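As written, the chains take the letters A, B, C, D and E, and residue 1 is the first residue of each chain.
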């Protein structure tokens, strides 16, 4: 317990400078990128906008001022709780985030849970029935799944479940015609995106679980557990899988950025009004105020995910605990 | 002289060893007994520089040890060889027995191996009665074959037949594995040998055989041996003196 | 009545370019109330034999012969060799036959405490939760030590955990592979006492050990194994006091409280066992007859040797005489 | 209102769901929302009918323009109320325009209204536009929606249009409800939802699944809907063209013969048939044939004419080299054709154009780039462009072809400079007389056609897919951009077919 | 009799034959076809667009009349090179960082892990976009952008395994035997990590190809008209709706088949690396 508390404290202490560095990095990237925020802001209209008008917008935004000045101004405002105005959405950043974040959290949260449980079960079954057709289908499917763009998977799911079978709505947060946000309706609309996000991100997890369980299944302690006459399920879950959890937990933390990328695509395929899809628009439009906040959120998610993973494997593997992880 | 002075070890808040001192003289066999769980293996790890004690000091031939585990100087580390209590845990499951025995040689590089071999002289003159002649003249020929021969000789000396050397740990019995561990410990000609329950799972004949091998080595090189065992009879036959570690980690050395 | 009858059990391992004959034609019977001790040179196949009885051999092993488990409790006889995983897991392992593995530390799942694993075994065997502590107590393990993770256990503690855990399912037959490794004198006594008590309660124990003194105290019968074969099998006192196989005699003599000299020579390679007596190359009585493999014979079926030692203490009878008899 | 795809019956409920590819950036006219009309919430002073004629909307009649062409006066319609109940006054109009023009607002459309010097409201129903220079297209520009005075730049102010703004779930949809008091009559469709789905395939799939009532799709993706019952596909002509802009100051593309041969080599009909799946027509100039301003002389053959192209090149001294590529004075007839990488239509057109060009010995290398990478190279390399407005011909063309704009951003990046063109454009812009303007534009079209300033390739047809049977949809001529405009501009007049 | 069912040797052999055959056929196609049949990437043939598979076009033609098979073969060459190099780059960086962080520990570990968090904070897609945008789009830029962003996963896996391994007694025994830090890493830690590293490498290949597509689509990767599998897949996206399935099936298969083949080979390799598995199969 003390180890964990100390770890959390360390992480929190590290988080502040890290967040600062990440924003500076983001700012530098945004500056170095060849994208022109004004052109992106104007979109199609950029073509028919006089250069003088563009110049004026640039001036209004202050993006012609020195880099350092721009950054300190932004940081100052940020620390005072003023997150600025999103250029892509023409609205205050705080509002954009508040509108969208809950939906992203909801969908990705569900997807993470589904992904975890699903890949543990599926991966273990594949390892257990190694080289059988079940294993072949699972691991072949996982490799194929990793080769298929998320986008495709989304369209395919939509085609099957929404068009052909008509079981589930194909997209959106609620029924397009409804004017209220009914939880049941949202849940119904959430099924496909959550499923697709979970499936699209689970190849690594499934295969790594399989790999590790295959490894542990041949260890003496699993034979020991068998010798005790434990049920196969107990042997599999509490001995083989339990000891194989380490890389899996790590992967969870490490796959966070991939999950965000997946969320971006899934949100855009299923017209899910989350913050992830907004972040790509923000990046392409070099909408720094929004980009900075989405990046900070992303950083927090990654830090949180990694911290949980680290705590997880300190708990999962007592041998690591004795050495301590920083 | 391998000397441990006032060693205190704690795991978490539990004190396992409390100011224990122990000295292993070159050329002598010191037995160490004590109830199960009293900290004998822990003390062995401390003396092999593999565990940093909470307090206390270890000195090898008068040289105090200030850094531990990986950081301890190589020559000090290899000066003290430790035979672990659990052979299964102490070997890399991916290596063959031959690689396990040869590993310290390979790690030292062939130059060091050459001197090690030269230092011990005939390695294979075993008591095993196999008649396998050791190569007394190391440094001649290619270092690689010298190493290989040395490994083969040592393996024969501890009673490992040739077919076993190509197998991996899970393909041999625990006793065979333990013998490989003994060979591994001897291969760099350490000045001190710590045998943690070396013979505990071996049949009487093999046990006697290994004790002879260690004794022969000790006599040949003047190495000091710390023999940890529960078997008072065995220690009586083998050791020059026996120290008793009490429960709670108090040492009551009775030589 | 419960009984385990092993007949002509052989186990071999396929390895690249060779076959390891780890157990050859082993035959013996284990009955309730009796303790059979199995001793022999390191690497002669004792552990493999035990694993074979529980169907725990790796994939490259081949077992032949038969090992029939008869149980009075119903369910009929079970042929252990070649039994299905389901039968073994559901009826045999833990419940009918318990195993104390030789390297207890590696047979514990490293990421869970000893207690968690112990409780689990007790629970799955349908015994009350308190059993875990009771069993630990039986082998002199304090309940506090049960809360440790395997890597925090000392060698002896791990051994005690393993001993206790083997009894979780209250099996009538215990296969104890070196159950005293790493235990101090008191604990050895305690463990041996516990094993003896088991036998006295009407259970059976197959005790694999290197500790002949301990075997002498606990066991009823003693089997000596050499190079994959059981070369001598008889009442424990008989065998220890009057070993008839030269190897048995050497083994007895090698004890620290006796001569403390090893049996001369190297053990044979199990990949290239001679056609004749495997001990012959190390044997002082070797003759040409030894080129033919001796069967366990000699009236009481006790020893497999062409030149068994005389029945009288320390006096060697002429080998030819013996075979005449 | 999702109806099961099988159910082909017209709308059962009163909500109509339109799917668009791009989300509105804002719903505020001052920030550039729907300045060309077609907004559901707002009305401009004038509005545009399906035949592109200008009709008074918030103005009671067409405006009067002073002699010098620099003062334009509107009188407002009586009794118009904003959705919040406030009556419309000229102060609102003045506020809307002035705020939009205020540099501080950073309004992206401010440039279109550069001619306006100031807007005055002498009394409650009169609005006077003072112009910096005579600007005939002003009337066309007054389709900009009017908001109540004092409306902030953020948020969605009330309008006077047929629909009230309901709610906006960012990233998902915007809902509108009918304005029963609309001055033009209450709409039959009571609720409109505009949902956003950027990807064409996604829109098509969700349309198929019955989640949308109407959407706009690329022709190929729309094709399967043509055979579906209960769904109607409208191919709406547009002024939306794709063409290749040549850098005029470069040695190869600067040569008229090269440009002409290139244009002759284009198999425009194949492009229409294959790339546009038939939903388009070959283009030879910037104005569609539907436009009253179109000069019919500017035309050509749909198929390629490699013989003629070869002849043009031969005559100009471009002789085939050893590798088949023509050479003149040691200069290979090669140039790069850029296209925006994310736009598959332009990519396919660029590839088709490049392969057609190779057939006459021109070595054209396509390059798919991001717009930001394209921008600095526009004066050096040819570019697959897309523009087109069916409204006043002054729109865009002035900036694209007038030498005044040479090198200014996306305006005339090829540095085209023809004084005669400048003159024609200026004349047409300043004249209040339609006949004069028409003549000037006819000349302008002829001049750029003869110069082959651009190789126009195709006009697209915008394909709308609408579920249900409706009276009211009237295809007009679409512009390059088509948010809720286009077919949906008169949504409030749509009624279910009996 | 055995606790782990021994898989039929025949099945294993069949899968090996399949893997090798697939790789050989595709490899030969990639090596031999380009020199024989030239592909001019800008040439399209609108008059024969969207043809279903036939003798002259075994896998049909795409939306603008290009032969799908020929493009797939060219695409395979480009995409697999990019995918493999990117994968190796990321695995190498990740492996090294993970090894160092895990085995050195302490401050080095902390700092490396926070650097890693920093990299992870920016979604791959975005970081990739910026990286490619800063250099000019080319296969090298794609490799860099994917390699530089994807090492983090490997690094974390390796680190966690190292952490767990280095407290094991056998590592201590090696240290005690005089092994240097580097030798412990190379000889004792690395081989234990191989299964994970191999798996990660194989999985990264299709992932890198996918990233290449995403970047190309934004105008930042390979030229969108270039014959790469990623481009073909994104071009073929519509075929789901328009019915010319062959346009996307072929490039899809060209990604999945070699990936599966490599995965199968890797499977066999991992069997050889697992000592117990190895003896079970008598390898």
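Note that in this section a residue touches a chain if its C-beta (ideal position, glycine included) is under 8 Å from a C-beta of that chain, and two chains touch if they have at least 3 such contacts.
Computed from a prediction, not measured in an experiment: that's the story for all the values here.
*Asks:* What shortest step count links chain A and chain E in the network of chain contacts?
*Replies:* Minimum step count, chain A to chain E: 1.
*Asks:* Counting only C-alpha atoms to place each centre, which chain is farthest from chain C?
*Replies:* Centre of mass proxy via C-alpha means gives D as farthest from chain C.
*Asks:* When contacts are scored as defined above, which chain pair ends up with more C-beta pairs, A-D or D-E?
*Replies:* Most contacts of the two pairs: A-D.
*Asks:* Centroid from C-alpha atoms only, then distance chain C to chain D, rounded to Å. What do you get?
*Replies:* So the centroids are 91 Å from each other.
*Asks:* Quick one: chain B and chain C, Cα centre-to-centre, how many Å?
*Replies:* Taking the mean C-alpha position of each chain, the two centres sit 28 Å apart.
*Asks:* Quick one: report the Å distance separating chain A from chain C, using the average Cα coordinate of each chain.
*Replies:* About 55 Å, centre to centre.
*Asks:* Where the centres are mean C-alpha positions, what is the separation of chain B from chain D, in Å?
*Replies:* 87
*Asks:* Which positions in chain D touch two or more other chains at once?
*Replies:* 201, 205, 370-373, in rising order.
*Asks:* Give the residues of chain C that touch two or more other chains, as numbers and ranges in rising order.
*Replies:* 13, 15, 56, 58, 85, 103, 106, 151-152
*Asks:* Could you check chain E for residues that touch two or more other chains and list them?
*Replies:* Where chain E meets two or more other chains at a single residue, that happens at 3-4, 133, 167-168, 218, 237, 240, 276, 279-280.
*Asks:* Within the complex, which stretch of chain D touches chain A?
*Replies:* 1-2, 4-5, 13, 15, 17, 22, 25-26, 31-32, 103-104, 106, 108-112, 114, 154, 166-167, 169-173, 175, 191, 193, 195-199, 201-202, 205-206, 208-209, 211-212, 370-373, 375, 387, 396, 399, 408-411, 480-481
*Asks:* Can you name the residues of chain C that touch chain B in the complex?
*Replies:* Those in contact with chain B are residues 13, 15, 18, 20, 39-43, 46-48, 58, 102-103, 105-106, 145, 152, 154-160, 178, 181-188, 210, 212, 250-252, 254-257, 260-272.
*Asks:* Flag every residue of chain A that touches chain C in the complex, lowest number first.
*Replies:* Answer in residue numbers: 219-232, 234, 238-239, 242-243, 245, 316-319, 322.
*Asks:* Can you list the residues on chain A that touch chain E in the complex?
*Replies:* 10, 14, 18, 21-22, 25-26, 29-30, 32-35, 130-132, 139-140, 143-144, 146-149, 151-152, 155-156, 159, 203-204, 207-208, 211, 214-215, 217-218, 223, 226, 246-247, 249-251, 253-258, 260-261, 264, 276, 279-280, 283-284, 295, 298-299, 302-303, 306, 309, 313, 317, 319-320, 322-323, 325-326
*Asks:* Could you list, by residue number, the parts of chain B that touch chain C in their complex?
*Replies:* 11, 33-37, 39-41, 85-89, 128-130, 156, 159, 161-164, 167, 170-176, 178-179, 196-197, 200-209, 211-212, 230-234, 236-238
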